[in-house]
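Presented sequentially are two complexes of chain A, the first with chain B as partner and the second with chain C.
Right after this comes the complex of A and B.
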């Protein structure tokens, strides 16, 4: 499974179309293979991001908010999209790797940050 | 390794800011400017950057023109060209004009970091043999 997470600082980026960084990780048998790669987009663009997802052969996309047209496009390309995820991307990756990340998940790191404020 | 001073020259401000943030987290000393004229103004001032990450397409000047001007000012400053509009000839043209290397956008950060380290080593070797 090749996972792409849209990121902003240490968190899942809140908007797919405004993402300028992504993390790409390869997972197999609930193990993360090697070191995940960080890619920096030329500019925030949902179309460029979709093109990168296709080019990289991504099987699962983890993101925050995503426009329906892009969600439908990626689903049509048989890419699983786990959207509306809130929290640290490292936790999102571990949860996806363990097989329990679902759309709309608010990760513990995000809840902790809110409580700290 | 000493703190490497990296100047990012790119009119895509989000890209430059994200790259600067990543580099800073890794212990580099990044700076950003969004056009060729500003880049040349920075290069006029000391201390010079060790490595320049230079976008090929900018509104005021072509990346190639900036590259030539940087190399005229200080040939030991290493320049890595960046572009989102990649064709094979751009890489060869960049190197012919004195660039250390060429990298395509979207940028794989690990690959870029390797190139920055190699460019810095080349600059240090230049100093030691001069």
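Right after this comes the complex of A and C.
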């Protein structure tokens, strides 16, 4: 399973169309293979991001808010999209790898951030 | 004792007050994390207040304005209110235009304690605005044929200038829609678009309608009337059937086009107007000029930008497109649940000539959808006259067009009879069908006057009477 997470700093980026950085990880049998790599986008663009997702052969996308048209496009391309995820991307990746990440999840790390500050 | 003296209004919680406001409100702490959201914002974002509490606001709001919290932080530091338009993406995958107002909240000691973010949903306003100034008309004009593509390419050019436009084309080709679309995409779109049918009113009335009148100008003129030109100030006036405009009014129209001013009927003061003129006609104005029925100078004045709309017969492939479009429209409006056209019905519909162009096609589809009681539109659901006429009308030659614009004066010349005999072969009804059509056309053009029709056909009155009887037209 090849997972792409739209990221901003240490968190899942709040918007798919404004994402400028992504993390790509390979997972198999609930294990992350190797070190996930990050990629910087030339510019934030939902269309470019969709093209990248197709080009990289991604099977699961984890992101924040995404517009219906892009969601439908990716679903039509048989890519699983877990959207509206809030929290640190590392937690999101582990949760997805373990198979319990759902759309709209607010991960525990999203609130810890406040306590740390 | 203390609580007994407290004003009852002070017992109302802040959340209750926030919930009473019909806009999204979020209270953020110094870390820009959500402290409280009102119920309107819960609906707007799709996140529950309890879940959102303590989460960094941008992850909940998902706006395009915050720029990694920089703008919110600036408000917090400067304590200056920020008002900016942007958008948010909801949990239901909708992008909503929002007007943000962000102001700082200070504690008792005057230090910044957090932010109040106010979100006004602009989607209602924007859709209203879109309806008002939309390109709905442009979107409604359908066509994939090369001829229509040429029109679509030309339309933005016409919209960007202020010159007069002359739209020509057969009846039902969409001249009105094109005129309105040009107006809606022009810089005058915020101002009125007024349509006047020059053939619909008698001359005296038309002058008063167009240019207005002064009080007492004629019997019944009890007060000043501004006229359509003045009502269209800064906008566009669309003169449809300009070929039917009486000669006397053509002079006045020419002076308006040249000087942009005119005298209302019975008025002593000149009125200045700034109006763009779009004219349309299904006649050939050039022919009308030749016949002395249309002023040459006005023709050249109107003919600055010319747009000729092709008839449906010239629009390759568009018949099917329009058939499907109107089918979908009527099928959903009438909630009929019809699946489509049967092959036989489709054969008839695609091979018919549509002399009434898109208007006729639309009416045929409306009729069929209304009549149809089965799951597909059958041949029997189509209007009967489709089977009575020749399958495809010939594209008019210049000669035939001339006959049409003659308005029954010298119509049709005998040499046309020869031409028509050539059509017999292509007409399934043979000569009698062509002759019947000729008689009907002549009667139509002469307003039912048999003597004039007989003269125009080159027959005696008795011959015409005999033929009328033979074809059951009497």
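Structural remarks
We adopt the following convention: the second predicted complex is superposed on the first by the 113 of 117 C-alpha atoms of A that agree within 3 Å, B and C clash if a C-alpha of one lies under 4 Å from a C-alpha of the other, contacts with A are read in each partner's own complex, and residues count from 1 in each chain.
Criterion: a residue touches a chain if its C-beta (ideal position, glycine included) is under 8 Å from a C-beta of that chain, and two chains touch if they have at least 3 such contacts.
The structure presented is a predicted model; accordingly, all values stated were derived computationally and were not measured.
Partners chain B and chain C, brought together by superposition on chain A, fit side by side with no clash.
Look at A:1: by the touch rule set out above, it reaches neither chain B nor chain C. In the superposed pair of complexes, A:71 makes contact with chain C only, with no contact to chain B.
Of the two partner chains placed by the overlay, only chain C lies in contact with A:84; chain B stays clear of it. Using the contact criterion defined above for the overlaid structures, shared-chain residue A:20 touches chain B, although it does not reach chain C.
Of the two partner chains placed around the shared chain by superposition, neither chain B nor chain C is touched by A:46.
Here chain B and chain C are compared by how many residues of chain A each touches, and C touches more. The least CA distance from chain B to chain C in the superposed model is 10 Å. Residue overlap on chain A between its contacts with chain B in one complex and with chain C in the other: absent. If you check the complex, the residues on chain A that touch chain C are 8, 11, 14-18, 64-68, 71, 83-84, 86, 104, 106, 110-111, 113-114, 117. The residues of chain A lying in touch with chain B in their complex are 9, 20-22, 35, 37-44, 48, 52. Contacts from chain C toward chain A in the complex involve residues 29, 31, 33, 46, 51, 54-56, 58-62, 64, 68, 88-91, 93-95. Listing the residues of chain B that touch chain A in their complex gives 12, 14-15, 18-19, 21-22, 84, 105-110.
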